[in-house]
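Naming follows writing order (A, B and C), and every chain is counted from residue 1.
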Amino acid sequence: MVMSGMPPANLPPALGPLLDFLNLAGIAVFALSGALLAAEKKQTLVTFVFFAVVTGVGGGTVRDLLIGAPVFWVHENATLLICFAAALAAWLLPRRLWHEKSLLWFDAAGLAAFSAFGAAKGLAFGLAPLPAFGMGVVTGVVGGIIRDLLAGEDSILLRSELYVTAAALSAALLVGLVLAGVPGGVAGLVAALAGFALRGLAIWRGWSLPGYGR
Amino acid sequence: MVMSGMPPANLPPALGPLLDFLNLAGIAVFALSGALLAAEKKQTLVTFVFFAVVTGVGGGTVRDLLIGAPVFWVHENATLLICFAAALAAWLLPRRLWHEKSLLWFDAAGLAAFSAFGAAKGLAFGLAPLPAFGMGVVTGVVGGIIRDLLAGEDSILLRSELYVTAAALSAALLVGLVLAGVPGGVAGLVAALAGFALRGLAIWRGWSLPGYGR
Amino acid sequence: MVMSGMPPANLPPALGPLLDFLNLAGIAVFALSGALLAAEKKQTLVTFVFFAVVTGVGGGTVRDLLIGAPVFWVHENATLLICFAAALAAWLLPRRLWHEKSLLWFDAAGLAAFSAFGAAKGLAFGLAPLPAFGMGVVTGVVGGIIRDLLAGEDSILLRSELYVTAAALSAALLVGLVLAGVPGGVAGLVAALAGFALRGLAIWRGWSLPGYGR
């Protein structure tokens, strides 16, 4: 087991403003997607908040635990406040504001932003390329997986639409571009847009991968 | 990201005898609730033990991982022995000893005790107030959520009864009282009793919050 | 709370070649079992990979988090490559190669290997005997539990066949033998074979434990 590149004193390295923005955007839209699922299930405001928090911070939390970083939201109030605000917005704003497919699109934006950010954070903590790529996928998909598990929904994992694939595209692009010398902010933007575009086409056109034996 | 108040050398600060008691009480009653669910599902003794352990230590384990504390039960035999004893009690004692609603009431006691203790431990590790409050809720509800997930039960999260709300009451009271200067033991007792009372009323009188759109 | 035996500087102690082999064998066969479940569910190649990784590294990841070890697969590419190869093998090789019960038997081998290895790693990190035993069970069963949860399958936990019991046999034997002075490699081999034999008999002969109240 090669233990190269331990993070320097466990302090999260600066990732640049664009990547930080991707993280905040991911938290907000995933929190909204969690709260909107609570709305679909006619839940209470407290459950709205719980689902917003779990979905908003779930993927990044698992990533931080895996890479040995301090969990990103426990030493400040701001992240949880974003999730609380998303839950309140879903609860208070008139329902017609939320297009029927809002949940899917918010989820798509969160997926792409988180996958790019997560892979960048993995690289910043000295991970090998393949695990850094894996951190992107984990950050992107785990919040939604926990949301679906807790809500008793079929996991989005099992649908043949391009979902994990879009996360993998964002994460792979980020790792590849950064290793090729592209600055982190540019790589993050390209990677997030590419993943969002692929997931968007999957939602819009029903694009999917072939299933086993078909 | 403000990194104020890192725990001193990762050693769990002393929380006082009353808070330690809340933790042990929470472990024992949640372990019993896990074992009683295994009994409802006609499981084997080994599964009784597995459910007792997962339910008894699940919430506190996730809390410790989130705050960067050493997981509380891995360097001693005592905690697991409590869970094993709870599983054996549920297996051996005559079934009529367990009132039909025993599981609900044991769960309520564990919920309140853990929510107060978890918030106190969060504060002791230097968390910001909102995440410390969140640690109380996590400690209180996550053991039961994992228990229900593994057993294939509908998550208690999705019932409109006051459940997460009771955990939130205990956690918020503890954080508020401690920040207001009340000694930890007193704050812990008040917070746990208030959460148990609220959850008890929800069980006894069927109190619930209004669901979305109703 | 006694905090004896903290791991020396968080570096994983050497466990010897035989125990390392048990770990690699466990990863490979659990990854295969995850990919074969994806095949049963007619999933896409991306989902094959996701299930292979989650099942292959899930148990060991939770163990490492619990004992405070660096997660074993994030600083190298090799572990994920093994899981990717297992997914590709399940996808490409002709279906008749996989006996109807392949999934069960690969799962059994992974269960036994991981339970012995996990308990040994727990001891190597200075855990008390009972939690070290628990780490064996966690390492053995958690990957399969997550696999079943994500796939929406009934958890293997709830079947009365000897499953967790076989993991417990391997883990208990390893802890007992090592504490009795038997070298780690020998203890690992005996413990893994015993657990595999017990689980194999449960599959072959339908051995099970009595359920509650029967």
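Some notes on this structure:
Please note the rule applied: a residue touches a chain if its C-beta (ideal position, glycine included) is under 8 Å from a C-beta of that chain, and two chains touch if they have at least 3 such contacts.
These figures come from a predicted structure and were not determined experimentally.
The touch graph of the protein chains shown is complete. Summary of the copy comparison: rotating chain A onto chain B for the best CA superposition needs 120 degrees, to the nearest 5. Our note on geometry: chain A versus chain C, Cα centroid distance of 28 Å, whole angstroms. With touch defined as above, residues shared between interfaces to two or more other chains in chain C number as follows: 65, 149. Residues of chain B that touch chain C in their complex: 11-12, 38-39, 41-48, 50, 53, 61, 65, 70-77, 80-81, 91, 95, 149-152. By the touch criterion given at the top, residues 1-6, 65-68, 122, 126-131, 134-135, 137, 145, 149, 154-155, 157-158, 160, 164-165, 168, 208-214 of chain B touch chain A in their complex.
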